[in-house]
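Below is one structure, written out as structure tokens; the observations come after it.
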Amino acid sequence: MFDDLKRKCCEANLEIPLLELAIYTFGNVSCADRENGVFAIKPSGVDYKLLTWRDMVILDFDGNVVEGALRPSSDSRTHAVLYRCFADIGAVVHTHSPYATAWAQAMRDIPIYGTTHADNSIGAIPCTEWMSDECLKLDYEEQMGFLIVDCMRRRHLRPEENPMVLVGGHGPFAWGKDGEEAVRYAKVFEEVAKMAQLTEAINANAASLKSTIINKHYLRKHGKNSYYGQPAGGIASR
Amino acid sequence: MFDDLKRKCCEANLEIPLLELAIYTFGNVSCADRENGVFAIKPSGVDYKLLTWRDMVILDFDGNVVEGALRPSSDSRTHAVLYRCFADIGAVVHTHSPYATAWAQAMRDIPIYGTTHADNSIGAIPCTEWMSDECLKLDYEEQMGFLIVDCMRRRHLRPEENPMVLVGGHGPFAWGKDGEEAVRYAKVFEEVAKMAQLTEAINANAASLKSTIINKHYLRKHGKNSYYGQPAGGIASR
Amino acid sequence: MFDDLKRKCCEANLEIPLLELAIYTFGNVSCADRENGVFAIKPSGVDYKLLTWRDMVILDFDGNVVEGALRPSSDSRTHAVLYRCFADIGAVVHTHSPYATAWAQAMRDIPIYGTTHADNSIGAIPCTEWMSDECLKLDYEEQMGFLIVDCMRRRHLRPEENPMVLVGGHGPFAWGKDGEEAVRYAKVFEEVAKMAQLTEAINANAASLKSTIINKHYLRKHGKNSYYGQPAGGIASR
Amino acid sequence: MFDDLKRKCCEANLEIPLLELAIYTFGNVSCADRENGVFAIKPSGVDYKLLTWRDMVILDFDGNVVEGALRPSSDSRTHAVLYRCFADIGAVVHTHSPYATAWAQAMRDIPIYGTTHADNSIGAIPCTEWMSDECLKLDYEEQMGFLIVDCMRRRHLRPEENPMVLVGGHGPFAWGKDGEEAVRYAKVFEEVAKMAQLTEAINANAASLKSTIINKHYLRKHGKNSYYGQPAGGIASR
């Protein structure tokens, strides 16, 4: 029944090592089927080289396993919270890519220094606080989802315009309308994190890009007046 | 009619991911046909893996599409301005390569610290200011071309001797007599940007190379007394 | 008699260049057979491209050659000391991977800045002092083993919970229950060392992760209540 | 007559792009035949992908072309000086590898921070001054050779024990008894340069390794009491 979802999810997961976003099993992608209220996710601790689409595990948005022989990613309940709270996202990616993780470990938001960033997110990439000791005693992975959602809400950020977040002391999460877009944001995340680190190394007083340029670039690629890429049908129409 | 131009342009574009100068579709190369007053450019937002020479779009130097089924790169009018203002260039490359982009985000010229740089450009690589809010209200991509041209002119730089420029807050542009040379400058740009960042990390007070060595190296490779490489005919004559 | 041990040891050694943990012959892996009181190790100075399992050398835990036509790795007696002193380890890896080596050269412990680190080791990665001139006059490689063991003991670190150590001015050593695990720790070591360097570049005052999160992550992956990965049988049971 | 020399020289040159020590044609290797008083070197500006052993150019130690249809590397006379002044070297390598070049641009010696360095060179890697304006008016490439030789002599360094040098503002030169060894030193050079930069990033007050450890490591690999690697005959004798 969920074969198609599993196939897409497996394909997105296999992009992670290809794009050098994680070593070993340090990453996971899930893809949601909103109609059926479920998502597919990578099984926990399985080597990417051994992974097949049949290994994907199906869960509902409360984090209960619906289908699958293997144990799902230990981060599954974090993904479930994001699907519950961000109604329009269709896929979630978590990696330990080194530059993004270093910003998370440094407990800093990634400032928006250039148009590579502004083409993909409308402002600084937020970094959450550490989880409180009270929350650490509860369901850890679920609480990590709440940590992300609370951070976004307190800063009045919309998931559609800010598809990347850092969990402080841990690493990056990204999302998108589908697995392909979410993985692309995870890759852009790492690239933007690297460029921002280098920017500060080159100029310790570097300033964030001014809002008029941010808006110009973001709107060039997103929204109804965007003019980047091909019109609907795109390259297939040639 | 423009098949040859399209083939050369496609080939030059395909070097971009091979040389690791851009991820996804974050880069574009155009190649001019001065006799016919047109240039070929990559279509907007098309994956390098799907790109064929037939997809290249032909535009005139005012930025109007002359031939092609797909929408041209969103940066096309920037390229058009450069062809109009720099009469001797035959190709333009724009990438988001990380080190060069970091210098652009840091809003700094790249000092000329060594002979790798001096072999390819006769001085510091200039970085433009941000575009003014007044210009941002006009045709953005055309204005970006003017930003580059004005920056070069105010500093009395000749495009032939300074084939690389940073658009502040955005990233690198390079040009050359043809696609192959322009792409080579785009690659050298990234290498020089990386070496300059490392140079400052190693010595915060590093000095620019003295002009006598700059001139020696630049003239070893360029101009009528150059003696680098093989004479006309070159390796083909063996 | 030790063919199986040699095969496993050779396979683990061949991971070193694949994982980019050493150039040329700058690394070695040994694998122990506790029942027979021996370990297999790479021969000294042999190119990874020429290495076959038959070239592995078998030594006892006093560092005497038991079997093998070639001279064993010059670091063999360091490995022997580790097997003698750390009763539960089954494999040892030494590399000169660049980020971990840089921390060793900087004579600094690697602080535990994030969960990538805490998933694999329960605290900072210790760095030994330089070997004293008195010890340098004795058996150098054996003394290096004692340097590692003494450093661990003085800090009350258990080899099972802290499978990575830096020899000051030299480079990283890691161990594990078998060759596969030890090599994985050697790779994680380099990744953690890189992330820690970047973390400090991004925030010169970065704080170590709080102990409640360290413990949560370490215990998620290790010990009887761990829930990462697949249960015994694992993916093979699908 | 020099076919064998040309073959070895070509093979050594082809290692340069494989080991990522230079982009485009920014590097060259020469190999000497001391009996005949000549050396083979890469032709100038020829793409590594097009290079065959027949393209190698033969020169005498005064820098005169003895055999070859193509123009030799523009750095040939620098190589010639090194062969004249350092009687025991059999091959010379020049690259623009980024970390080593950055130290040259920073005009700094590379301190000896660890055993990776001490295994290959007995002290800091020296960096020359810029060439004086007087010398710049003479034969530039020959003067560069003298710059290297003078720097070594003023510091009382022996080419056998210090096979790597930086030309200030330019980049690294390395040498060895044959092409294979010289190229290995060029690769180690870049690795040591990278590790030294990272060491200072991690600890701005990092100290050079003490001489007793330097000597131990250097003599472990070099000289009559060395015990690294396999005895004469080596792995071929198995």
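For this structure, a couple of remarks:
Per-chain residue numbering starts at 1, and chain names A, B, C and D are given in the order in which the chains are listed.
Here is the rule we use: contacts are C-beta pairs under 8 Å (C-beta built on N, C-alpha and C of every residue); 3 or more make two chains touch, one makes a residue touch a chain.
These numbers come from a predicted model, not from an experiment.
Graph distance from chain A to chain D, where chains that touch are one step apart, equals 2.
After Cα superposition, the angle needed to carry chain B onto chain D is 90 degrees, rounded to a multiple of 5. Each chain's centre was taken as the mean of its CA atoms, and the one lying most distant from chain C is B. In this structure chain C contacts its sequence twin chain D using mostly different residue numbers, the overlap staying below half. A straight line joining the Cα centres of chain A and chain C is 33 Å long.
In whole angstrom, the spacing between the mean C-alpha positions of chain B and chain C is 46. Across the assembly, chain D contributes residues 200-201 that each touch 2 or more other chains.
Of all possible chain pairings, those that touch are A-B, A-C, B-D, C-D.
Taken together, the chain A residues at the contact with chain B in this complex read 113-116, 184, 187-188, 191, 194-196, 198-203, 206-207, 209-210, 212-213, 216, 220, 227-231, 234-235, 237-238. The touching residues of chain B, counted against chain A in their complex, run 23-26, 43-46, 50, 54-55, 69-71, 74, 96, 98-99, 101-108, 130-131, 133, 136, 140, 169-171, 197, 200-201.
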